[in-house]
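What follows is chain A paired twice: with chain B in the first complex and chain C in the second.
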Partner chain A sequence: MFGLTRSLDIDAQALEKRYLALSRECHPDLLRTQEVGDCAAVLQRSAEVNDAFSILRDPWRRARALLETASPGVLDRNKKLDPTFLADALELAEEVAFAKQEHVQPLQRRLAACVDADWAALRTAIEHGDLDAAARRFHASHYHKKALSDLELKA
Partner chain B sequence: MAYSDKVLDHYQNPRNVGSLDKNDPNVGTGVVGAPECGDVMKLQIRVDDSGKIVEAKFKTYGCGSAIASSSLATEWLKGTSVDAAAQIKNTQIVEELSLPPVKIHCSVLAEDAIKAAIEDWRTKKSALSGKSALSGIAAEAKS
Partner chain C sequence: MTNSPATPARLVVGIDLGTTNSLAAVRAGKGARVLRDQDGEPLIPSVVCFAPDGQTHVGRTAKALRLTHPDRTVFSIKRLIGRSAREIGEEKQRLPYTVVAGERDLPRVQIGDRNWTPEEISSLILQKVKATAEQALGQVVREAVVTVPAWFDDAQRQATKDAATLAGLDCLRILNEPTAAALAYGIDGTRDGTALVYDLGGGTFDVSILRIEDGVFRVLSTAGDTHLGGDDFDELLAQRILRTLPTTSDPYVLQAVRAAAESLKIRLSDAETAELQLDLGERSAGHLSTSLTVTRSEFEAAIAPLVQRTLDCVQRAVKDAGLRLDQISDIVLVGGSTRVPLVRARLQAMTGKVPHTGVDPDLAVALGAAIQADVLAGNDRSLLLLDVIPLSLGLETLGGAVQKLILRNSTIPTSVTEEFSTGVDNQTAVDLTIYQGERELSKDCRLLGHFKLRGIPPLPAGLPRIAVTFLVDADGVLRVTAREQRTGAQASIQIVPSFGLTREEVRRMMFESIENAQADYVAREQIDVRNKAEAMVRGTQKAMLLAELPPDQTYAVQKALKALAKLLVANANAETLKHGCDELTKVTATIADDVISSAVTKALREEER
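Coming up: the complex of A and B.
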């Protein structure tokens, strides 16, 4: 739809430019004089463009869409994560839950680094064509992001 | 959606929270997670020589239903045999806690955790008996 190469990293400027161009083409307000039947199609099209844009501009949602397009069901097939990782995730969650005020910032930095590492690993896995590993890392990132958002509630 | 009284009770007074030594040969540890909601459940059992579960502990990071499911599981596990424990089904947990359909996955997680803990204990057991069998062969070879 956006005519961009399908990849994990995209040119944000090009994406926005395409989005604006597409929006103009199908903006309901600009096409008011058209037939009523066309109107529904235009609305539908404009909703699709908006959905696609909101997915593509968010790196993690983009990654999810990329994985699912390349291998449908890959996320579902890789839901079982390594128990050692899960045990660590549990410890992190505990740390977040009991973090004293002075530990919030360092912990925030640590978790943000975990999310960055997840992203880097996801990228490497996709580059190597290992979509299963990429899907597992995608799931793993969830735990770090959840811990981070829990921590933000305390900050 | 309202939580049932039983879920609230387990949530407010969780039974058997804590950890056992995961390196103890008589302890089985199961850690499972549901990535969509970011829940993690750790369930541990201590088994005596007769195959009876003498202690069960859990730690869960997740919603009230996940906590209640694992808390209830530890209550059921204590005092039962490993073989009987392996038969526990998530549907029993659903029934006992009156979990609504959207929370059924929490009970599935608890069943998975029980199975993983039993599996871990069995693996440890067979590794140990494997070792003693090996040492037996060595002893025979020496004599």
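Coming up: the complex of A and C.
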């Protein structure tokens, strides 16, 4: 739809330009005078463009879509994570829950580094064609992101 | 700009239906202009006074009467529209007019023995705006874009739309106020950037972040508070004044104190101190009078927590947009309450940027609405607005939890398809309940409506696969379609509005309001039909010169044409004129060759230009 190569990395500017051009073509507001502005197909098409853009502009959602297109069901098949990782994640969550105000910032930096590491590992796995490992890393990143957002609520 | 004539091809006005003031604007050249009344005033106070003599006053005259008929003068109706009587329980204590709970717990304003819905009262204001616009433009206004706070939920939007319908307006779009304001600002789509619109009105607060690029205005995020505005500043000052008086619920006193509080606030925008001498005369509680001095720092200390609430919203909006404050290039102030110095100072301190103040904050929203109106009219294809849904939509699951379907700040139109099945053998219907809001439990969210999927083929439990598509259109209104995957059968969906007026009530009220304004309506219709007939006569005359017709057909057309022209000269009523138009259409349409009809169409089109 966006005429871009399917890959984990995307030229954000090219994506945005293409999105704006597509919106000009298919947004119902600009088709009103042709009496089709309200028709279901136009709305559906416009919704698809918007939804596709919102997925593509977010690296994690893009990664998810990429994995699912490359190997349907791969995320469902790799939900089971390594028990040691889960134990670590649990410990992190506890640390977040009981973090004192002065520990919030260093913890925030640590968690952000975890998410970055997840991303790097996900990329390497995809580059090596190991989609199962990529999917597991994708799930693992959720724990770090969740901890990070919990921490933000606290701050 | 593809088209910017003095009179646009199709007239759609922009209307800012405000808590305190309302006004209309229309596209003019590259910008827009507000439509003023005979005295040159653009702002119409959103006040309705039902005088005891049966007369209804709207706007300035109504505002002037608020002390004469304190319990019959309605203001700030926007704070009630689209909400339940239970929700506004606390608020109504502070109002000098009476609000009661009507059917389905909808609030009604009680004036004498008549109860008014907030939709009806808003429609009276819209009618006034419409009449003012018609006078300023010298032509009938039928279509409009009406603005609402971005933070309004579905029920509040629908109620506003209903008010427009009741006022005889076709509402092409419910537009978010901060988005409209961004359109109005010098940020005219030719300069790219990221703008933060801070809109603090009489009763609501909104903040929106927009990305402007290649003439596309894309809303990245929006946040706000529907119950925070200048009224609340007034209220704090009013409480201060009331503390100096004996306790009373006298509506006259409440209105007078409110008015005094507002004037104190306005004076404190320029001066360091403001004095108040208030003599309320003989009341039931005795002779009431008071005098006090309020300093600006006292006032600022009182409103500081409210201002902080707006700044928290700003932080949230910036975060939701995935940005940092230093990535915002422009700050735009909208709404009369942004004149309060503390508001400006705090916002500037937080963002480190001097806000734009080029456009009058009271007019910006209407001006922007007029620009979007022109786009929707098809007159301008250079601009495009991509707005978002302000609140998440979710589905109630077992145990009263809400599963989010569409997340807030998704660009609209947007859609999502979910699959459902049955829980019992041979079940043919499934109930779905949709909620709006960010909270996890349905009891903390706003009920949007019930949907019933019917016509599911009777099968063992769990076997039917029903794909339900939830689509939010460009108006931010939810549409639902469903399809049974195995049989391909389209399941029918019935939407039961849980809130606001039923379609039946809107129809009945519209009928009543038309009846009330029968004379008005007839006059307007007369103008419309007359214009149409005149255009038809001219068009057909031109066409007759172009088309070469056999004598008998020429005769028939000329005869009908003459008859219609005669009716016009005789100033016939709308009904007769319509009949004459129909007769003429009949002869031109039945002519075997379509030469004439195409010639007529062509000539008519030229006429319209």
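Everything below uses one rule, namely that the second predicted complex is superposed on the first by the 151 of 155 C-alpha atoms of A that agree within 3 Å, B and C clash if a C-alpha of one lies under 4 Å from a C-alpha of the other, contacts with A are read in each partner's own complex, and residues count from 1 in each chain.
FYI, a residue touches a chain if its C-beta (ideal position, glycine included) is under 8 Å from a C-beta of that chain, and two chains touch if they have at least 3 such contacts.
Predicted, not measured: the structure shown is a model, and the values here were computed from it.
In the overlay built on the shared chain, the residue A:16 is in contact with chain C alone; chain B does not reach it. Of the two partner chains, chain B is the only one that A:146 touches; chain C does not reach it.
Set against each other, chain B and chain C differ in how many residues of chain A they touch, and the higher count belongs to C. Applying the stated contact rule after C-alpha superposition, one finds that A:24 touches chain C and leaves chain B untouched. Once chain A of one complex is fitted onto chain A of the other, the partner contacts of A:89 are limited to chain B, with no touch recorded for chain C. Once the two complexes are overlaid on the shared chain, A:120 sits clear of chain B and of chain C alike. By the document's definition of touching, neither partner reaches A:4: not chain B, not chain C. Applying the stated contact rule after C-alpha superposition, one finds that A:46 touches chain C and leaves chain B untouched. Interface residues of chain B, counted against chain A in their complex, comprise 29-36, 38, 40, 42, 59, 61, 116. Those residues of chain A whose C-beta lies close enough to touch chain C in the complex are 16-17, 20, 23-24, 27-30, 32-33, 38, 40, 43-44, 46-48, 50-51, 53-54.
Listed in rising order, the residues of chain C touching chain A in the complex are 213-214, 216, 218, 375-378, 381, 384-386, 410-416, 471-474, 479, 481.
Residue ranges of chain A in contact with chain B, taken from their complex: 79-81, 83, 86-87, 89-90, 93-94, 97, 139-140, 142-143, 145-146.
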